[in-house]
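Some notes on the structure that comes next.
Letters are used for the chains, namely A, B, C and D, taken in the order the chains are written, and counting of residues starts over at 1 for each.
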Amino acid sequence: MLLMNGSSRENGNTARLAQIVLEGIAHQQIYMKDFSITPIIDKRHDPEGFTPVADDYEKIIRLVREHDILIFATPIYWYGMSGQMKLFIDRWSQSLRDPHFSFKEEMKSKKAFVVAVGGDDPYIKGLPLIQQFQYIFQFVGLTYIGYVIGQGNAPDEILSDQRALSEAKYWNKIFRSL
Amino acid sequence: MLLMNGSSRENGNTARLAQIVLEGIAHQQIYMKDFSITPIIDKRHDPEGFTPVADDYEKIIRLVREHDILIFATPIYWYGMSGQMKLFIDRWSQSLRDPHFSFKEEMKSKKAFVVAVGGDDPYIKGLPLIQQFQYIFQFVGLTYIGYVIGQGNAPDEILSDQRALSEAKYWNKIFRSL
Amino acid sequence: MLLMNGSSRENGNTARLAQIVLEGIAHQQIYMKDFSITPIIDKRHDPEGFTPVADDYEKIIRLVREHDILIFATPIYWYGMSGQMKLFIDRWSQSLRDPHFSFKEEMKSKKAFVVAVGGDDPYIKGLPLIQQFQYIFQFVGLTYIGYVIGQGNAPDEILSDQRALSEAKYWNKIFRSL
Amino acid sequence: MLLMNGSSRENGNTARLAQIVLEGIAHQQIYMKDFSITPIIDKRHDPEGFTPVADDYEKIIRLVREHDILIFATPIYWYGMSGQMKLFIDRWSQSLRDPHFSFKEEMKSKKAFVVAVGGDDPYIKGLPLIQQFQYIFQFVGLTYIGYVIGQGNAPDEILSDQRALSEAKYWNKIFRSL
């Protein structure tokens, strides 16, 4: 299980909620902020195709390939995933054309889960993000296990969102049983 | 009028569609890719607050402040705005706390328009992005003039999307009359 | 507390889930199907306005006015609320113009909750319905307490949806504490 | 081409916009209000299945079966299709189990288009409805040609919505070329 945290803060609300989802479950955690990811340069239609980029993107992809379950944990920044996480997903267009392995074929056997924490009415205004992830996962063939939304702004505020905690505990039971 | 293009390619489909919207109308165009923007580090809850970041963000903000109408033109990457554009908008959280001017107060008197071009059923799968922009604009008080969606993948494919061209021409008339 | 069930079946999955939400809490339950509601005839722009309709609509409105919390429980039929429930809500346009009381003024002091149960990926495909209710409640000033989504097709299938049961129990605690 | 109008008013804004879309194109028009449609009684899980209903539903289905292109034109009532139209679509669950013909098989060869006219920010608040139609069409295999949204409340107000008129004229060209 690979937990990818898109937050710019360690141990922020998003991390807290993800920790409850994954309590007692072996997993590897990374923060996107600890990896340098260059914005995609769209070369899908260049004759020579994409050129290798000297950054940390492939490091994360290697981790992705090693795990069966991918947890996308992101604070809801401006009603979407964080820019850091988006930079990473944008680069999937490059992996789709990577001749060394079939990205889509490998993704098809994996599952994905979303943790999204926002401060402004996330249970409603976070829904476009949930729908966006659905389209993303559908495109690469990832099975969408589910999602948990949480409300929180100030540090640890998520711990007062009983709705989120209750849902996170439910998912913890599910993940323990997998 | 400030046209902010989130694409990684110059003169791509997004730019083409935006050009039709703005044909014959004085405007300044920038590509987000020509500006280095650091991912936000969320310090909203740090006692000392945000610290200045040595990148090009403030250059764009200066341009934003100078214009009354903001055009957000973005390719639909993975059913959302491009990472480059998201990095920029994420940093608004910092501007909201900038003591040198009132970001929200200034945004309230401005208007915003969205151009979004995607390859995979954008008229349906681009709708969460349109809704996200609605929440973004609402939060800072920007008036949402409208949006135009276009379909295109390969270079200049947008020029075959008669629906997009027709809508872009409609908006061109509107912008000319402003 | 008024539980309005839009289902065509008594004790179906929607009713089961709503019962868990409201277990041990005094409430009045009605099935929309037991009331005859005529489709609205839009006379907002007729000089003489709406004319009284001889059906059961006003009976439900009387109940609505008597309760502070309104639970809209509906099966997700074709990715929306049931036609029976929609017929009822459509008629609110008439109540908005009722000279005998201020519908909007009274709604402003009430709260609303949604229970929605569907068979086809309701946690994703039910989200447009959740957004629609948001717009409905916002228009009349109802406070949107929250929602619970459940999955179920065959009778009592909802009882196997642990995610829904877990969320329903959370909401039960909340409603008990009100 | 079959134009199904869900409005309670003849020649209202929805009809006006649909007329522009279909100007000069042979089509049959019906108003849902002229047909009596009983709310569905969900008997999918009854041993004896659905029982015949004595109303006008089958009359509309006969028309649906005779046409290759179905235009769903509805005023946006409370951010959704009108109750009259929803009653009709809800009954599709019965047609899906009709042993006399394969509803889904026949729908797969047809195409669908949506005209939706609302008074309260329909270009944004009408989007959940557009998404709902996507799920509906997907379920039965109807090809979603597209949609046009319009703004209008008072009679003929739609004729001032240049954006809607412009899009309707675009679609008129498309339908003429089919």
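By our rule, a residue touches a chain if its C-beta (ideal position, glycine included) is under 8 Å from a C-beta of that chain, and two chains touch if they have at least 3 such contacts.
Note that this is a predicted model, so its numbers are computed, not measured.
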{"item": "Angle of rotation relating subunit A to subunit D [CA atoms, steps of 5 degrees]", "value": "180"}
{"item": "Farthest chain (mean CA position) relative to subunit A", "value": "D"}
{"item": "Separation of mean Cα positions, subunit C and subunit B [Å, integer]", "value": "38"}
{"item": "Centre-of-Cα separation between subunit C and subunit A, whole angstrom", "value": "34"}
{"item": "Rounded Å distance between subunit A and subunit B, as computed from the means of their C-alpha atoms", "value": "24"}
{"item": "Residues of subunit B whose C-beta touches two or more other chains", "value": "131"}
{"item": "Touch-based graph of the chains, sorted into line, ring, star, complete or other", "value": "ring"}
{"item": "Chains touching one another, given as label pairs in label order", "value": "A-B, A-C, B-D, C-D"}
{"item": "Partner subunit D, residues of subunit B touching it in the complex", "value": "123-124, 127, 130-131, 134, 144, 146-147, 162-163, 166-167, 169-170, 173-174"}
{"item": "Sites on subunit B touched by subunit A in the complex", "value": "7-9, 12, 33, 39-42, 44-45, 75, 77-84, 86-87, 89-90, 92-93, 120, 125, 128-129, 131-132, 135-136, 139, 153-155"}
